[in-house]
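Worksheet: one structure, shown below.
Each chain carries a letter (A, B, C, D and E) given by its place in the written order, and its residues are counted from 1.
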Amino acid sequence: MVEMVFAVLIIAFIFTLFIKNNRVASIISLVVSLFPLAAFLDWGREFGINLISIGFENTMNINMAGITLHFSISPLAWFFGIMLFSLIPPILLYSYSFFSKNDGFYPFMILLMVSVMGILLSSDFLSFFLFWELMALGIFIMICRNGDRKAMVRYLSYSVLSGVLILAGIALLYHMNGTLLFAEIMLKADFETMVAITMLIIGFAIKAALMPLHTWVPPVYSTSDEPFVAFLSGGLSKIGYYGMLLLLFAMPGARVMEAYINSSIATYLLAIIGSLTAFFATFLAIFEDDLRKLLAYSSIAQLGYIAVGIGTGSSIAMAGALFQAFNHAFFKATLFLAAGSVAYRTGKWKISELGGVAYKMPLTFMAALFAIFALAAIPITSGFAAKWLLYEAAIERRYVFIAPIMLIAGVGAFLYSFRILYGVFLGENRYPDIKEAPKPMVAGMFLLVMPLIIFLIFPGYMLDMMDSFLSSAGLATISHSPYVIHTTLGNYNTIAVIVGMMFAMIPAFLIYVLRKQHLVDFEDNFIGGEIPSLYEHISMHAAHNFYKPLKDVVMPYLEGGATSIYSSLYKVVEKIADGARKIYDGVVQDYAIYVMLFLLIIAGWLLW
Amino acid sequence: MKAKEIIGRGEEVHGRLYVKVEKQEVRELIKTLKENKFQHFVMLSCIDWIDDGEFELVYHLWSYEYREHVMISTRIKREGEEMESLHDLFPQIETYEREIKEMYGVNFIGNERLTPFFLEGWPHMPPMRKDFDSKKFIKDVFESIPPVEDEDEGI
Amino acid sequence: MVIHPVLLIAIPLLFAFLMPLLKRAKAVTIIILLFNTLLAILMFHNVYNNGPLYEIIAFSPPIGIYLYVDNIAALLAVMINLLAFINFLSVEKVEIKFAMLYLLAVASSTGIVITGDIFNMFVFFEIAAVSSYALVAWKRDKEALEGAIKYMVLGSIASVLMLVGIAFLYSEFRSLNIYDIMNRMDEGSVLILLSFAFLLTGIGVEAEIFPLNGWVPDAYQGAAGSIASLLSFGPSKAGIYAIARLLMIFSWQQSYDLALSVGIMTLLIGELAAFRQENVKRMLAYSSIGQMGLILISLSMLDSTDYAIIAFFFLLVSHAASKGALFLLSERKGFGSNASKYAGIVSVMSLIGMPPMAGFWGKWYIIMGAMQMEAWWIIAAIVFSSVVEAAYFARYLSTTMQEEEHASIIAAYPPAIMATLTLLLGILPFIYKIATIGGVING
Amino acid sequence: MVTVVSGLINVLIIAIYATVAMMIGILFMGIGRKIVARVHNRVGPPIYQGFIDIAKLILKKTNITHGWIYDLALLFSITGIVLTILFLPIGGVKLLSTEGDAFLVLYLLAIPALGFALGAGASGNPNSAIGVMRALVMMLSYELPFVISMVALMIYYDTTSIAEIVASQYGKWAILIPPFAISAAVADMALQGMLMEAPFDIPIAPHEIASGPMAEFGGKHLGSLMIYKAGTIVAYTTLFVDLFLGGGVVMKGGIVADVVNFIVWFILIFLVFTLSLLINTSFPRFRIEQAFKFYWKYEAVLAIIALVWVYWMVIS
Amino acid sequence: MKYEEWSKISRIASKKSLWILHFCTGCGAIEMPPVMTSRFDMERFGMAPMATPRQADVLLITGYLTVKTLKRVIQVYEQMQDPKYVVAFGSCPINGGMYWDSYNTINQLDKYLPVDLYLAGCMPRPEGIINAMMELMEMIEKGEARGWEKYRKNYEKYKKNQEMAFKFGKVEE
């Protein structure tokens, strides 16, 4: 049955390539995107939550023209599948009115869907790597459509580097185990496997944008168009972590790797890199003025949390990492879509140029507000449960260095989330004549916010979804009921928080209701008694260079960072390349001498 | 007096050098003084000689080196004559000129900021001129405004 | 009915010289090229079914012209003729002399691939070289002439060295038949080493390996788009196949190590030079050098792993087709219509090694092969060069995506067809058909 | 039936404890102003001045609003602070603290700050925006040392729930253990930032930015913020007392023990509050960069020393 | 004048915690610090200085008012929330003081703002200020300090007067 889903997707891909009308193309892609979602929901029967059962059987082998690709479902792939494929329909609904003409967005979204499905379902390294590179190709073509040179060059070089590293890792594993099938690879804790595993992890880390390898993210996120970036940052960046989890846990030989996980420095290193990424990316996000770049750095920071979860390796940490991945997928996608609809109406990206958009676009603001609450992990949102699990795991493992840095990065999230709220949405109404975003866009955004609300009250359901993976990975499942999570150190009861809030709300509500109040327009603000309307417009929007005092203190330390290392590396390569080009100086006599020299050298070498 | 040596003319009044000059020479004079240690521009004042029908503009300069005060004065017609703006020599002259424009109505060419300074929306003639009768103005404007009484003034 | 491989060479030569008599040169050449491709495909089918073809023309073994066609030779012949046919479609106005030279070049390249006689290979190299000198100089502007002169100078040196090499061989074994020499290799004296050196240098110039490819940037820059694309899949591919046969003859460990080191040098120098090059055609020329280096590396692994021959084939075909398409596209500044945009992206992606295209299998098998040999420095070179390659191709794509120079239909479709070739080969790689050939080469 | 009744009693006790805590908070505001006046050699307002101020503000005749987001500040601030108090054990009585732990309390404290910031942002007043910027930077700065000392505590007592920390400090207060003395000092300075007392009252500086975020809050909105301020006094001092001074638990046992513990708790939070007031009266206001450097340089180093010491104690 | 209902509790609360916004025009501002510091200490009556009109109950005009400053004073007054009181310091707000014949100074503040309490003195001493505040508290407790209500009732009259002042008498009908 899986072939049917693949076939439908490929036909739709070819079909949408040649449709010019945006409406038709988006409807087709929307309908087609429901197929994989239905398939994954149906496979839920085995892994705890059976909502629908259509009877898709889940193993398949394709062999054609000399190569055989093996496909089967695993609990980890099922979890990621649910996350990614429930992300796509709202995005496609959003893009129904975002694009004026179909210039290639829908076909390559379907191509991405095919590649993601291929990666998740593949059970041998050949098909895994084939679909991984197909995904890289799909993303590159999406970036090509906007033709920003820096984004294209950086993305392609990073993704080719990651592709070749992964290929080298796979080749080494194949060389040692003689087979490409996941089931038959026995990972031993010897040196070669370590080299292969580290190469694979570095390859996956590039896609997951961990700190030293993150420089491709800001240019790509800030130039490509929003629906794609929402899917890229929300969904595709998690595939890197899927690879890591596959490697460290889902591989049958992984149990042998137990020594590799908890004692070895490698995964602890991963946790440290994750926490440092969260810390530095948050600071970079705080000072960023371009809204999309800010969201890019914030998404790098949130991804750092997941790396910490995987690095810590205990069952709470794993649950926290997956929960954080799930939340991040949805609230980051909502934020990017909200930024897209703001730009759709105002055409501006810089926070200093925006302001007061909420008055005319209340629905977009509400979606963004809820997403930001989830981002900042306010206890009434599901974001908190994920981060809470990660903190518990860090304390349980006594990671003295990582826990405070993660907490500070969490607090740092408040800073840039307020910056987005105030700079873009609230404050002085600088765009009085814009309208609310069109209906499909708003519908898309609210659909994305829905899962965050479901898991707000009942984080337990999320943990049910993970139980099948945790048990298959040989980790202890977390004891939980639909609304309470127990861990050895402490527990978190969402119902207690919500009921407590109801009680605490009473006095505030009384004060609010009993006393009347009247609305005051924007001009009536106290700025030292001055009357704004007297002069040609004084701009009362204080969002430009918002955290200047903090920036003056912190920026000198941040200057070093990755960019300076890369620029020096780039210069070295340039010098060598110039040397290489000098050889072809266009003088024929030199070429003739080269030929004779070559002859002498090899003759001498052979005779000697 | 060191200043007298620099300029060569002018009489001493109460320990200060008082120089009467034509309108065109003022810029030259201030420039030379500025180069010779008279860096402090004290103020620009305007006197309304209503009988002669002229305004007297006095530029006051002070030197920390020599501790001397120089007053350069020039006369312009009360109606319609304009003075060139010297704010390129000393930036603060721009505000003094603005005040004199508002209070006496003297126009300074080259000064872009001659907008109302203290009297926002002042429709009448400049108030500092001698022919402005402030008592009558007070009676017309401020006295004529009726105090606000309630119909049933209780207290 | 047995297809005589000699027809593949004879017919184009015959019609090349009959060309002045026939009026409609373009139509005739197209028919001949089409006929040649079909013939090659039939020949491949025949060879695949009942083993390699031996063919002796006119004289007995030691002297006679001796053709030997196995699977991979047949496949290369198909490739050369098919791409030549597509390439020729894109040439607007065709003069008689141009058609003659074009046919000569195609015939000689096919000849090099299917000949079994070393002297015969030398003769075909000469014809190919001469015809490509003239073709490069076809535009008659300053760049074209400069490129042609450089090509001619180095080409003539190469032919002299090749002749000396063959002379040593003949003096040693009294025979020119490659397989006869191969079997009696061990009783040769020190002289064979010398002949290998000479032969390698001679053929190397045509096959664009590192120190010998001085002429490549100027020749490709000077030549017109279609001629540059012809050069990229015709003579240079035949040359690299000739080196493969050379390594087969002188199959010592030393020669494979030599091929490896030269291959890595060519790869790195080619990629780095392309990285700093702004002119599109020169950049593509350098990138060809880089790719040739990669193919040479895959050749150097021939004896130690059977993935090598598969990698060699896929790298060769994908580079020929996509570089051909890119050279045709480089005629105009930007990607005009959608078709040329499709062609550009598909060929660039195939060179980098992205999945649906043939280049992916090349990259997959070469790294698999390298890992079999646990040759870490090959992996490192490939990693570094593929990143550099990605960087300059991305830069190339970003500039060409902006310019919107409209292209006529004739000019837009041939590259698109070539790009679709790599796409089809990528999707249906028919590896089992190529895998069986490996046996013969080593046998 | 029995469980329902006992449940109701529990709820009642919790409600009483919460309201009493809020009342104590407002009382402390009055007492605080009295202490500050006495230091200034002034008479100072009556102790119940806090109640009068809040009554006057709530009973204002007209109230202004800048939209529903502006009112969010009012709702979030009181709800957040009362919820935090519910999750803190007061005088040994575990209200809801068994349900949530220290991280939950840390993030619950952020709800009023964010609601406050939203309201100030919605008002569009530049003063309030700059005020909120300073408040968030302050939060970032004092959070680092406080979090490091909290992590030290958690590692030492091997738990993250405050109730257990309080329980395990029954005999021996944490402050008496050498490393925790340093952590307590660091946490006390962080407390100074949390309560926005003098050296760190940068966000609500009346002279520079017209009382920062509260520039546009008047009438009942300002009344609710005063209640929030009162709540913060109780919440932060109780947090400090629970973490380092054993939460005021002196006796175990029934109602009598609860009353005694309550009194001890009251005295302890009063002492901590007075300490911070005395620091308040003797320091001028810092600039925001100085405050950030102070916390991230000197305080953080001290906290790290304590953390390493505890970590070394825990391992050996 | 029929008065709004003003409950006793809110009057006492308002009386016992008067928050002052002193609009420091003219020379009266320098009299306020001694009132706040330890010698006279107005805080013992619950009075505290406030930074914004939103938070304040009493608007203290501490000196002469030019037409330009009157515009800002009125903006600040309107930003305050009822019940609000105006206390005018010194002789200038009463009759223009020594600037009675200046073309720019407001002679009688009462024409433009409902003043609850005048405090004579060419800058009254702190004792005078404290005494005035006590007087104001009495008026609030008895419910006589109804300036805010008067302003609301005669809003148009006040606005007309203010317009007259701002236009220096040249009001185009």
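By our rule, a contact is a pair of C-beta atoms (placed from the backbone, for glycine too) under 8 Å apart; a residue touches a chain by one contact, two chains touch by 3 or more.
Bear in mind the structure is a predicted one, so any value in this text is a computation, not a measurement.
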Third chains touching both subunit E and subunit C: A
Intersection of the contact lists for subunit B and subunit C: none
Chain whose Cα centroid lies at the greatest distance from that of subunit D: C
Longest centre-to-centre distance from subunit B, chain (CA-based): C
Result of counting contacting C-beta pairs for D-E and A-E, higher pair: D-E
Distance between the centres, which are taken as Cα means, of subunit E and subunit B, whole angstrom: 36
Computed distance of Cα centres, subunit D from subunit B, in Å: 60
Cα-centroid distance, subunit A relative to subunit C, in whole angstrom: 43
Contacts with 2+ other chains: residues of subunit B: 120
For subunit A, residues that touch 2 or more chains besides their own: 524, 526, 534
Complete list of chain pairs which touch one another: A-C, A-D, A-E, B-E, D-E
Interface residues, subunit A side, partner subunit C - complex: 64-67, 126, 129-131, 133-134, 136-137, 140-141, 144, 147-149, 152-153, 155-157, 159-161, 163-165, 167-168, 171-172, 174-175, 573-574, 576-581, 583-584, 586, 588, 590-592, 594-599, 602-603, 605-607
Of subunit D, residues touching subunit A in the complex: 15, 18, 58, 60, 62-67, 69, 71, 74-75, 77-83, 86-87, 96, 98-104, 106-108, 110-111, 113-114, 117-118, 121-127, 129-130, 132-134, 136-137, 139-140, 143-144, 147-148, 151, 154-155, 158-161, 164, 210, 215-216, 219-220, 223-224, 227, 287-289, 292-293, 307-308, 311, 314
Residues on subunit B engaged by subunit E in the complex (per definition of touch): 118-124, 127, 132, 134-135, 137-138, 140-148, 150-155
Touch list for subunit C against partner subunit A, complex: 149-150, 153-154, 157-158, 161, 190, 193-194, 196-198, 200-201, 204-205, 211-212, 214-215, 217-218, 254-255, 258, 268-269, 272-273, 275-277, 286, 345, 349, 352-356, 360, 363-364, 367-368, 370-372, 374, 379, 382-383, 386-391, 393-395, 397-399, 401-402, 427-433, 435
Complex interface listing, subunit D residues touching subunit E: 33, 37, 40-46, 49, 52-53, 55-56, 59-64, 206-207, 210-211, 214-219, 222
